[in-house]
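Starting off with a structure, shown below.
By written order: A, B, C and D. Residues from 1 in each chain.
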Amino acid sequence: MTDQQINSETRLRLYRLMRECRELEQRAYDLFMQNLVKGTSHLGLGQEAVAAGFGAAMNADDYTFCTYRGHNHTLVRGVAMDAILGELMGRECGLMRGKGGSMHLTSVEHGVMGSYAIIGAHLPVAAGAAWSAQYRGTQQVAVCFFGDGTTNIGAFHEALNFAVIWNLPVIFVCENNKYMEYTPIEAVTAVANPAADRASAYSLDPILIDGNDVELVYRTASEAIARARAGKGPSLIEAQTYRHGGHSRADPGKYRPDEEVAAWKARDPLDAHRAKLVEAGVDEETIDLIDAQVMSAIDEATETAKASPPPPREIAYIDVWADGGVEWRC
Amino acid sequence: MTDQQINSETRLRLYRLMRECRELEQRAYDLFMQNLVKGTSHLGLGQEAVAAGFGAAMNADDYTFCTYRGHNHTLVRGVAMDAILGELMGRECGLMRGKGGSMHLTSVEHGVMGSYAIIGAHLPVAAGAAWSAQYRGTQQVAVCFFGDGTTNIGAFHEALNFAVIWNLPVIFVCENNKYMEYTPIEAVTAVANPAADRASAYSLDPILIDGNDVELVYRTASEAIARARAGKGPSLIEAQTYRHGGHSRADPGKYRPDEEVAAWKARDPLDAHRAKLVEAGVDEETIDLIDAQVMSAIDEATETAKASPPPPREIAYIDVWADGGVEWRC
Amino acid sequence: MALLSYREAVAAAIAHEMRRDESVVFLGEDIAAAGGVFKTTGGLLEEFGEKRVRDTPISEQAILGAAMGAAMTGLRPIAEIMFSDFFAVCWDIIANQVAKSRYMTDGQFAFPMVVRSANGAGSRFGAQHSQSLENWAMMVPGLKVVAPSCAADVKGMLCAAIRDPDPVLFFEQKSLYGTKQEVPDGEHVVPLGKAAVLREGGDVTIAALAAMVPRAMAAAEQLASEHGVQATVIDVRSLVPLDTTTIFESVSATGRLVTVEENPRLCGWGAELSSLVAEELFWDLEGPIVRVTTPHIPLPAADNLEDEVLPGPARIVEAVTKLVD
Amino acid sequence: MALLSYREAVAAAIAHEMRRDESVVFLGEDIAAAGGVFKTTGGLLEEFGEKRVRDTPISEQAILGAAMGAAMTGLRPIAEIMFSDFFAVCWDIIANQVAKSRYMTDGQFAFPMVVRSANGAGSRFGAQHSQSLENWAMMVPGLKVVAPSCAADVKGMLCAAIRDPDPVLFFEQKSLYGTKQEVPDGEHVVPLGKAAVLREGGDVTIAALAAMVPRAMAAAEQLASEHGVQATVIDVRSLVPLDTTTIFESVSATGRLVTVEENPRLCGWGAELSSLVAEELFWDLEGPIVRVTTPHIPLPAADNLEDEVLPGPARIVEAVTKLVD
């Protein structure tokens, strides 16, 4: 797929999706500073192009599997902003009415098959959903996002091998943001490119891309998804990117050299894409309008979430099992 | 190291070690048929060259980590035959007085740091022993044996990455005998050579050798051990071999094509090495004498083990904790 | 009715459910072409084909992850973990993912899946292949946990487990695989969460599970014939849900409870049951609640040592006679 | 004496032991350069250097495997598993390897190692980062299991754990990290296996652990002031070895036991303790044994829901008053 094949509608959609991610997480950060987000939260500020590029390339019935850093991946599938903010804030309007929290955003209705907070766990689960799609013959694909640090845990290895031997329609997307929490990934990894340099261990092609180039992400995603849908099996994609902030809520990210942070901020995926749009002839007002629409949607979602009450206490006692209850005795 | 560098003493030693392995396991099988081995047992008949080649190349204070299929690897470190047979038979003279059984042969005194029966577990443990040697500056190396099927479990991946980034003196030896239990390895593995084709995922050189050529194993082992001792880090070696019998005690191994079994039996490591010795001028009587010595040692060990009583019942209640007791309460 | 072994009842149940429901699939190590290392799953590949009955690599996290992903998207997977001891290499998928995800997502997910595993001692396999780990599962909210003691229950409870909307951990006692029983042909479903009263007697209630059930029965016979003590023997069968109704009814009547567990001493289902009774039926009790368990040790391999530590009829008889004295 | 937080006591203990014994090494994720995600291990890298204080990849099996291999060859490793919930990804090394290998080898191995982990709820981290899993460990023969409730015990018990010849799982309650206390400088070792009687009263014995200890103390104050009920409060501290001597002595005197657990209901240490008492002190009891626990659920994330389900002083007071009535 060449540059030309991305139509202007999609290009604007990519911009809008990234802007939504950026501003929603910025808002989440503000709410956290106001002590309205009680638990932890992990922002993907700076990494929006990966979520947006994939989100735009997926069908409505495809499956997303993401991590605790999954607000963006959830949002790009069409999940309502107030439901996301509400979940972070532990409100009744939350996506899971506060039962899951920031790290576990899930919306089965939108194909968001969970956010997983234990490193590596969701890779085999995504393979399982892909197996199910293959079995049922539905043409659905599963897209599974994870970080660079995740490539060193056992479940990564098991899932990759498994997906390949069963030729499953699953795409493993490593967002290499250079850090596992506070530790530079190169300090703990035997290869330079934690995912791409391991593709051959599963007979896969190495795919290493600039994860801040949203159109490149979109094209790469589209190709991998098409392959998977055509029954040609899994892909492993490493997208190089960077988080602008710290690992989680309280982390100022001071372990990173200033120049490194500055260099990556200069490669902000939104700025880059905006410049590209303008260069391609989109007028600034069109883009500004998108920005304004996004901001007002977020303001509205914020108000809705703030106005939402805490979840009713009774729900703490249901849905342990399928009968809706918590009773383990007869 | 070229062919010439292996002196004739070592060549005979390699033969003797293999013969000991072969006959001891054959005896174990016979004892099992007589219902004198009560639990399970996994024989390495046909795979002796790997254990012998490494055993001969290791120093007395190096560490061996092996699997349930570990009789050979234990024996080549100098552990007494009656202790091994006694353990299989659950007798007081057993290496662990019957508390471990066939799958867990251990002799710390001989550097046999355990036989592990849960796939993959011992790879990180071997890395840990190597770390300890590195920390203490003792020049010891750890050699860790496992099968082809083991390369698909998570612990394999974690241990390899870990050993490389810490530059540990550990040698991972995959004995590729083509089967994980009853399943052909190629049916469940994304690459053709389960270990060698994954070396690059850890920045290691791929090393794929004929595991039935005991001198090649010995040379390869010596080189990897020298590297590790010199502080040049871990190696991953894949040795291709074959088990003559089934996976475990009751398995006749019928899932394997007759021609395949025949072809490998024609490549018996003992026959091959014996032929090589004779070709090199060793006279047949010398070799026959070794055979006879081995047989009589095994007969003697068998009698000792048979004469040994069952372990005293009290030992079932000690050594749960270091105080020698089983008491979890004060 | 047909005389089936506990082992054969496994395949019978799976086949029955695979025939009635296309969404039932089955995966595990050596379960297809080889028919299982315990020969529990022979014939399934032949009848249902490679698409539904699948051999896997040694990748327990992938096996259970695949089952979880399949269950959340409309299938009813059955996964085999060859020995329950191997739950330790994939416990995250069970305890942290499968067990919690319905709750965390406010009920968006269901996990209609079964994880079967060979459990327990008696085969001289040593400490890493002989554990009774049903208690690990019982400890984790969100799982159902069953452990049948006879072939008819294997068939009936496995069918029920496959149809159940929740994840069920199904513990098969490996030393019982060879035991035989008449098992109903065709549809035979034993609801989860119902204990079975195998014998009634007014002096004491003995609650046992899996391999301990025949031992408790043997003890009860001996108690009756040699000591004039009449015991009720309850096969607990299902740990979650736990049939407190049946068990409590019996303990209220007898005033005495003895639990017989194969697992090591601390924090087993026996402790749970004992503490429930000590809290809720205290005033009905006529004496201490006694647990007979394996001591708190890993299991030894040698036959005489393994026999030494596992609870047997003699220890049960001794515990009961002391109690009723 | 110095006023130390529970968090600071961790680093203080490790530093103390590393100074006195060269064989003590420490590894884990983000424990070195970053000083730990809970800021428990700051300063150790600076004092002891990269050789002894080592950051690792996200490879929990490798971390614990490395610790095990080091312990069996003469070192005294301390490993951090960041959240106890992550034990599920490395449980095989703990439960099947470390715990069993001394026994299986007839005492050839010793495993003088400590695994520290942040445990428990209260931080609104949701179901996968809030579990109280000391019971998982208590269930496995061969492990020692401790869970201190205050800074002085963190220092004293961690020092004892590092010196212990057995593998110790050391559970740090993350909601207590900020609590402060006077802690002895220098050598301060609290032997494992000794419960602490924090308060004496003749009406009831309340046994609690970790974060439940301050709650039990608050309840006891309220019981005294508002209900005229005098409670003995015991901080169990060490689950294995379990100080049955101290606990039994108190229960014999009061005739009543209430256990307060943070973990979900089934098969917790409270059940174990209750069943021990129901078996051994039955005739001393004056009423039912009551367990106060979190219900058998995964933990919800929202603050009001998490507060709802965790045992607090009010529930303890209610349980005790019902009991003594």
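Everything below uses one rule, namely that contacts are C-beta pairs under 8 Å (C-beta built on N, C-alpha and C of every residue); 3 or more make two chains touch, one makes a residue touch a chain.
The model shown is predicted, which means the values in this text are computed figures rather than measured ones.
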Most distant chain from chain C by Cα centroid: A
Duplicate of the A-D contact set - from B-C, A-C or B-D, the pair where over half of the pairs recur: B-C
Inter-centroid spacing, chain D versus chain C (mean Cα positions, whole Å): 30
Inter-chain centre distance, chain A versus chain B - centres from mean C-alpha coordinates, in Å: 45
Computed distance of Cα centres, chain D from chain B, in Å: 40
Chain centre separation (chain B, chain C; CA means) in Å: 36
Two or more partner chains touched - positions in chain C: 56-57, 59-61, 85-86, 88-89, 92, 96, 103-104, 126-128, 141-142, 240, 265-266, 296-298, 300-301
Where chain A touches two or more other chains at once, by residue number: 97, 99-101, 104, 116, 118, 120-121, 152-155, 158, 161, 165, 187-189, 315, 320, 328
Interfacial residue positions of chain C with respect to chain A in the complex: 25, 51, 54, 56-57, 59-75, 77, 92-93, 96-97, 101-110, 141-142, 144, 164-166, 193-194, 240-246
Chain A to chain C touching residues, read off their complex: 63, 95-97, 99-101, 104, 106-109, 113-114, 116, 118, 120-133, 135-136, 142, 154-155, 158-159, 161-162, 165-166, 315, 318-322, 324, 327-330
Chain A residues touching chain B - in the complex, by the definition given at the top: 152-158, 160-161, 164-165, 187-191, 197-198, 200-204
Contact footprint of chain D on chain C as seen in their complex: 85-89, 91-92, 94-96, 99-100, 103-104, 126-128, 135-136, 138-142, 240, 264-272, 274-275, 277-280, 282-283, 285, 287-291, 296-298, 300-301
Residues of chain C that touch chain B when the two form their complex: 29-30, 33-34, 37, 55-61, 85-86, 88-89, 123-129, 265-266, 295-298, 300-305, 308-309
